[in-house]
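Before anything else, here's the structure in question.
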């Protein structure tokens, strides 16, 4: 856009401060040699789509869906009229779109190939499963290597499988909603995902069932020049409740990696879905994700989103509040470090009376990092009693960081209340002096201040969940790191 | 411990504020500095603490013979210098308990962890002295605090960190008489033969509750008059007009 | 305006600069015409036209006629103050005009129409206040558009010297209710160091007319600029307002009230550009929407790298008077500096039943109560003009609008 300004390259902030406010990125930075039986090769064409369909033995309707997705993708321009020009650095003809070892996902970790097991053990996934999860799906490149859900949940009728199994084995539930919350043509990347999707979860929670422990998916990229395109559909039937958590990491390669997921949530009458993400991709990953939920009458969809990693993330979780008194919420934390652009936000579409939405977004720009908030709130005609509250706060850690906020709020009619507030601030010198006068080093004072800024949102995340977030919390608890 | 300030000159940007200040506070003593607004009292406290905005041009500040001016702010604090701020900063989102804990943790050798149980026990006992509600530990540092709560919080931190040398900068400002008494109680509980105090105040009021050993008058960046606690009463009665009238001969 | 020129289609016929104007101006107009021809029309893809009604940009068939009457009334002007119709200023103070005339880039979407304005402008106002001179009472300018399918391109250029002060009232109205006029107005406000410049535009064109107004304010060291716009007329109006804070201590107030009724549409884009440290800008836009009217507010605060210690505020408030109105708000921030205090807020709400009840309990009829509250809502922005005569003129225009609402 015409507002674009350039930022001169400048010295990074001092190493100690960097360490103190940084998160553990090294943890995911390892990979194993590739052992792929199926490889769709480099580049994207109609043949690539057919290759994937053949390997996965897609039903015809899915094959047709994929081809339509490809066509839409090719016809849609890059959204660089409003988004960053960095998107032009994605070379679609250099990416590998499908890599898999041809194995079905295992129900026991013992059966998982050793290097895959080691990968997930290093990431702490089996340990977390034992500790507090109701089910886990672990995806390695294009396909799930492990997928298991607690037996009693299965008996209650909970379905927790990968998308391939979902569309084949549960077509009657899967197909009516698949691609309905996010149509193929929603944006260029949802179209791309529709063409080459593989992996991701299909979840169905039966009527009235409240799943106590979270379900988790872990998305792992192991291969270079790779694109991961998981597709997740979660349906909570009337009165059901579920929390789903996703984590992700990738090794840091020289070349760029693409991650472009589509996540659709359907909360039927009175249902509640909470979707928690801790995104910690390595800094060569383009993370371009489309996420949206439909909330029917008295239902609630909450997106709890933390973006720490990636080179560029573009993600604006949305809620379509379709039934009366439906609620939508987006809680978002973004940390943009040197070389990163976190372009995140929320879309709240009010489509019934007395619907309520809430957006709280906090971003931290460090060094030359850039954080952008984009929001859309729409309250159309002939509705009554809709409410939206949006708060976005940005914290800047260094003179060279950058933050932007671009909300768009459309309200029709005089029976609604919307409120939007945004602020930009920095850790003041006065605050740092105060903390240092108590003997706390500058670096530790900075990390205390940063954690203080996001503290109220961190409490929205399940405590046990992620290594990454835990570390952020630990900084607050212990204070004197650095 | 003893704090010795010799011929201290300090500037804010290019403006000299401290102009050859001399002061010695032997261990166990409480010294009060009084003086009109703009005399440099608060600057002195910031310079001792090591604030970046002030540049020391010449002179020295030593504590038990160690040169404080060589140290960073946080190093001075860990050496035992404590400043109770006139306007304590707010630290949003960071609870008091975690803040004080971080400050104590910073004083431990690397790898050593603070004993959480002992810490809370200690914290609660000090809070009781200052008549502070337990809920206070969960509130963010100084955020939304009343003037009195902020000052009490300063004294609580002082009691927890057990410094060698305490500077109280206008701690009495904005306090009602009850709060003032509580603050004084905390300070008096801290009095010890090993600890020195510098109390900066505009009014004599606080000194009714914390008896100073010496009172100094500061004007235009220097100590211009020194005496015992009666000097404070004198000043309260006759004000600082004498400074203008050139009656500095007896300083 | 004595020269008569044969009517020309504004989109097709090359403009002819009057012979009395300096050569540089003639060259500038020819260049601008080329620029107009080569600049593409805005499209739906342009972020600066998001939610905008591009159909309103069809200006086919409009003629460049000299129908607009511009009347300038001046208070007693101190010595040295120049206050002239633009055409006369071009002849007598050409160099001064040249230095400041449309020097700033149009970056909020109407570059093509600003170029059209530049190519076709013949009338307007030129004000120069020398160093240290203060003009106490406002200079009042009234543009009356006449003729069906007739276009007008008035320009306002105000320059204040060091520590000078001036205020200008610019009023736009139509000669009758039926002639569909088009007004493409541009103003350049240049507030010199330490000066105070207040500009107030009131747009009361008839409901068949359209208007594009492009404002460029430049604020110097320790200067204070106030730019206010009231929209009550037109079927469609687009306002683009840029304030650039050029030097330390610069302060800019950007204010607006819009009261659309029926099917009126107002599209407002603003830009607070902090190009220097220790600068301050404060924007308040208030929209009171009736009928099926529509407003768009899109604001951006840009803090340049190095523009530390900036305070920038941006607030847009929509008062929804009827269930069929539509308000779009896009309050934006782009911050590239540290140690800044920036915030924006946007609200949309209607008058609450409790408020109405309270006034009714004091014996005020419901309709009157709503009007009182709506009026009070606008006054908050008007009060910040802080110039008695200007506030009076604006409040009178607001009253005129409310008196048409049943």
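As written, the chain order gives the labels A, B and C, with residue 1 at the start of each chain.
One rule holds for everything that comes next: a residue touches a chain if its C-beta (ideal position, glycine included) is under 8 Å from a C-beta of that chain, and two chains touch if they have at least 3 such contacts.
From a predicted model like this one, the values you see are computed outputs, not experimental measurements.
More contacting C-beta pairs: A-B or A-C?
Here the pair linked by more C-beta pairs in contact is A-C.
Whose C-alpha centre lies nearest the centre of all protein C-alpha atoms?
Of the chains present, the most centrally placed is A.
Taking the mean of the CA coordinates per chain, how far is chain B from chain C in Å?
That pair's centroid distance is 55 Å.
So what's the Cα centroid distance for chain A and chain C, whole Å?
Chain centroid spacing, chain A to chain C, equals 43 Å.
Per the centroid of Cα atoms for each chain, what is the distance between chain A and chain B, given in Å?
The answer is 49 Å.
Please output the residue numbers of chain A that touch at least 2 other chains, ranges allowed.
Residues 428 of chain A each touch two or more of the other chains.
Of all the residues in chain C, which ones touch at least 2 other chains?
Within chain C, no residue contacts more than one other chain.
Check each residue of chain B and list the ones that touch at least two other chains.
None at all.
Can you list the residues on chain A that touch chain C in the complex?
So the residues of chain A in touch with chain C come to 1-3, 5, 7-8, 81-82, 381-382, 394, 396, 398-426, 428.
Quick check on the complex: what are the chain B residues that touch chain A?
49-52, 72-74, 77-78, 82-83, 85, 88-94, 98-103, 105-107, 140, 157, 161
Which residues of chain C touch chain A in the complex?
Chain C reaches chain A through residues 45-48, 50-51, 107, 300, 302, 304-305, 308, 318, 320-350.
Across the complex, what residues on chain A touch chain B?
Residues 428-431, 433-442, 444-445, 448-449, 451-456, 476-480.
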